[in-house]
Amino acid sequence: MRLPRFLTPRTLVSAHCDLPCGVYDPAQARIEAESIKALAEKYQASSDPEFRTRALIIKEQRAELVKHHLWVLWTDYFKAPHFEKYPHLHTLFNEATKLAGAGGAKGSADPEVADRLLAKIEEISKIFWETKQA
Amino acid sequence: MRLPRFLTPRTLVSAHCDLPCGVYDPAQARIEAESIKALAEKYQASSDPEFRTRALIIKEQRAELVKHHLWVLWTDYFKAPHFEKYPHLHTLFNEATKLAGAGGAKGSADPEVADRLLAKIEEISKIFWETKQA
Amino acid sequence: MRLPRFLTPRTLVSAHCDLPCGVYDPAQARIEAESIKALAEKYQASSDPEFRTRALIIKEQRAELVKHHLWVLWTDYFKAPHFEKYPHLHTLFNEATKLAGAGGAKGSADPEVADRLLAKIEEISKIFWETKQA
Amino acid sequence: MRLPRFLTPRTLVSAHCDLPCGVYDPAQARIEAESIKALAEKYQASSDPEFRTRALIIKEQRAELVKHHLWVLWTDYFKAPHFEKYPHLHTLFNEATKLAGAGGAKGSADPEVADRLLAKIEEISKIFWETKQA
Amino acid sequence: MRLPRFLTPRTLVSAHCDLPCGVYDPAQARIEAESIKALAEKYQASSDPEFRTRALIIKEQRAELVKHHLWVLWTDYFKAPHFEKYPHLHTLFNEATKLAGAGGAKGSADPEVADRLLAKIEEISKIFWETKQA
Amino acid sequence: MRLPRFLTPRTLVSAHCDLPCGVYDPAQARIEAESIKALAEKYQASSDPEFRTRALIIKEQRAELVKHHLWVLWTDYFKAPHFEKYPHLHTLFNEATKLAGAGGAKGSADPEVADRLLAKIEEISKIFWETKQA
């Protein structure tokens, strides 16, 4: 079980650029996915065609950011021992990034799809924080 | 005084794209600034010219991201009533973004400069979370 | 009153990247805002849904560029003494960037909104050129 | 001598954007990786510090493009049945993108590292074309 | 059936970044143009307004990439002697990039327009490969 | 002969995005080239390796922007009748963009190279303003 956020020391948070600096945080993907959910809700609540077009433009960008942040975690943070310990981790990331793409949050403006994406990110986040405390 | 993170309901977190979706989070700027600090420390600890050049390339990008995330908060999240309640808020953002630029984290590879940037972001973050709970 | 453009020596124009190089010019924001106005006019004059969608896509990008160019001026060009001399300068930039965002040129395809954005940029430009000649 | 273009059937090439359009081609990653190899060779052959710094700047960008093109193939092109048929495919992509990153072509200016990256991309390419002809 | 990769000599392929690395390949523009054609076909075949908006968003990006890849070939690969030997080369590139823009693949979702763009790229490609073998 | 800037009505300035909006202005390329010149001067005047590396990083970006702004003018603004009237216009743009690239302002940190680039842009600008008044 993942420890609540407030019990995870901030100094553990490290590297997300590709020097690598060692600062990674699944919050980056989560924040963009929360944005997607809010966009989808506002899209559904509106009947203004200009607003709806703008919502789709921005949702496309946010979903691309979700994919990028998840790809970075998958390639740059997680190492061979992690993939051995969590054998479904590859599949989890593949499904999560697919859920941010055409078959998920890009292709759909349904807030429920965004919820499923958020749930996948939460699963990844849980594993991430477990590995940080190992 | 800012409430500890674990007491701030997640549903309050909202909008950071410019629909607006209503999801903003100063953590975006903070994570990039933590990356800058780690880059600066690795830069100082290394004598490999290739590594040091790469650190400067990446630090430049991360510092630009800090500026961008802060600018978004300043323009898109904070409204006139906030600026009335916190009269130094304009100056605070102006100084924070300057600290991420040429006169700060871009121009210097000193981890202490990154610390000052992180402190400014923390000040902004504190005000941000106060306004979220108002 | 701002001096007409042809009386402002070109050698005064300086710095807009973050070395800093010292070449700044509010014309960068103005050209993008003029583009937004033209896009809005063409949007209103057209009934072709493909054309209108493309106009919204491009307007979104141009408005983001306006925000970026203004943010760079606010953070990188203007210094503490400027903000003392022009106490409303923070508010002016905050309003101008808001006018380029969701509550302005991004959120609306009304050419009149683009006109208001252009007027704000002109106010900034006037102060900018005054400070270049001081 | 190069074989004439008209002998390579065009209809096999398909989809790489996230509509999805259905046009994917590992050549995109390969071309960037060939660029990295050439950059590394020129870097090693030069003693001009300006040239070498520019080579590192550009290599960083090209390596990021390799990662991106590979991530797109992994998430958007390959589906569950492919991963069942090629059980090492996840690992192959994870290793290939790591080889384009800090532990590979980003972190090293050794042409031999670029060769290893090219070999990984060739492995992926082989599987890709097998699946296209199935 | 596709010809095996090993029959197309790799050493002919050269430079596309601006070090320059010497690796250029018109395939980069062609792949994006094929994507545009597929997008246009899917756009025409769909009556879902969300899907159609997404197709226009992505087509705009792909068309910009076509322009960029062609501009790089025109400026960075082709030299004065090439323009002497192929006097219509300037016009060919100018027309091809226009065909990727507002008067072509950006402005139209007609697959036939994408076909004309592909034909222009093929003309450029033919000349490109002639010069590589000279 | 080109009319001085102050005699060219602002309403003539039009289109630079690819809707097209009709707002073009060679000032965009010129401002970036002025930045390159300033960067080169500061590079030559400094002996600080960090500062010099940063100058090269930023110069690379600015030179890319010069190329982009010029390419947009060449493809999107200038039409067949212009190329007939100014037969050297293709060559002028090809040389100008080459001067912003590896064989010019990217490859060299010599301010004199930036001056040659600025002179080419001025030649283009002169023709541009002639055609706006025709």
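Structure notes:
Going in written order, the chains are labelled A, B, C, D, E and F, and every chain counts its residues from 1.
As a convention for this text, a residue touches a chain if its C-beta (ideal position, glycine included) is under 8 Å from a C-beta of that chain, and two chains touch if they have at least 3 such contacts.
Computed from a prediction, not measured in an experiment: that's the story for all the values here.
Under the touch definition stated at the top, chain E and chain F share these contacting partners: C, D.
The chain with its Cα centroid farthest from the Cα centroid of chain D is C.
Top-ranked chain pair, ordered by C-beta pairs in contact, is D-E. Centroid distances built from C-alpha atoms place A farthest away from chain F.
At the interface between chain A and chain C, two copies of one sequence, fewer than half of the residue numbers in use are shared by both copies. To fit its Cα atoms onto chain D, chain A must turn through 180 degrees, a value rounded to the nearest 5.
For A-B, the equivalent interface among the listed pairs D-E, B-F or E-F is D-E, as over half of the contact pairs agree by residue number.
Here the CA centre of chain B is 40 Å from the CA centre of chain E.
If you average the Cα atoms of chain A and of chain E, the two centres end up 33 Å apart.
Taking the mean of the C-alpha atoms as each chain's centre, chain B and chain C sit 24 Å apart. Shared interface positions of chain C, i.e. residues touching 2 or more other chains, are given as 18-19, 51, 53-54, 57-58, 106. The touch graph of the protein chains shown belongs to none of the named shapes. Inter-chain contacts, as defined above, occur between A-B, A-C, A-D, A-E, B-C, B-D, B-F, C-E, C-F, D-E, D-F, E-F. The touching residues of chain A, counted against chain E in their complex, run 53, 56-57, 60, 106-107, 109. The touching residues of chain C, counted against chain F in their complex, run 4-6, 13-19, 21-23, 25, 27-28, 31, 34-36, 38-39, 42, 51, 54-55, 58, 61-62. Those residues of chain F whose C-beta lies close enough to touch chain E in the complex are 18-20, 64, 67, 71, 74-76, 83, 90-91, 94, 97-98, 101-102, 106.
Only residues 50-51, 53-54, 57-58 of chain B touch chain D when the two sit together in their complex.
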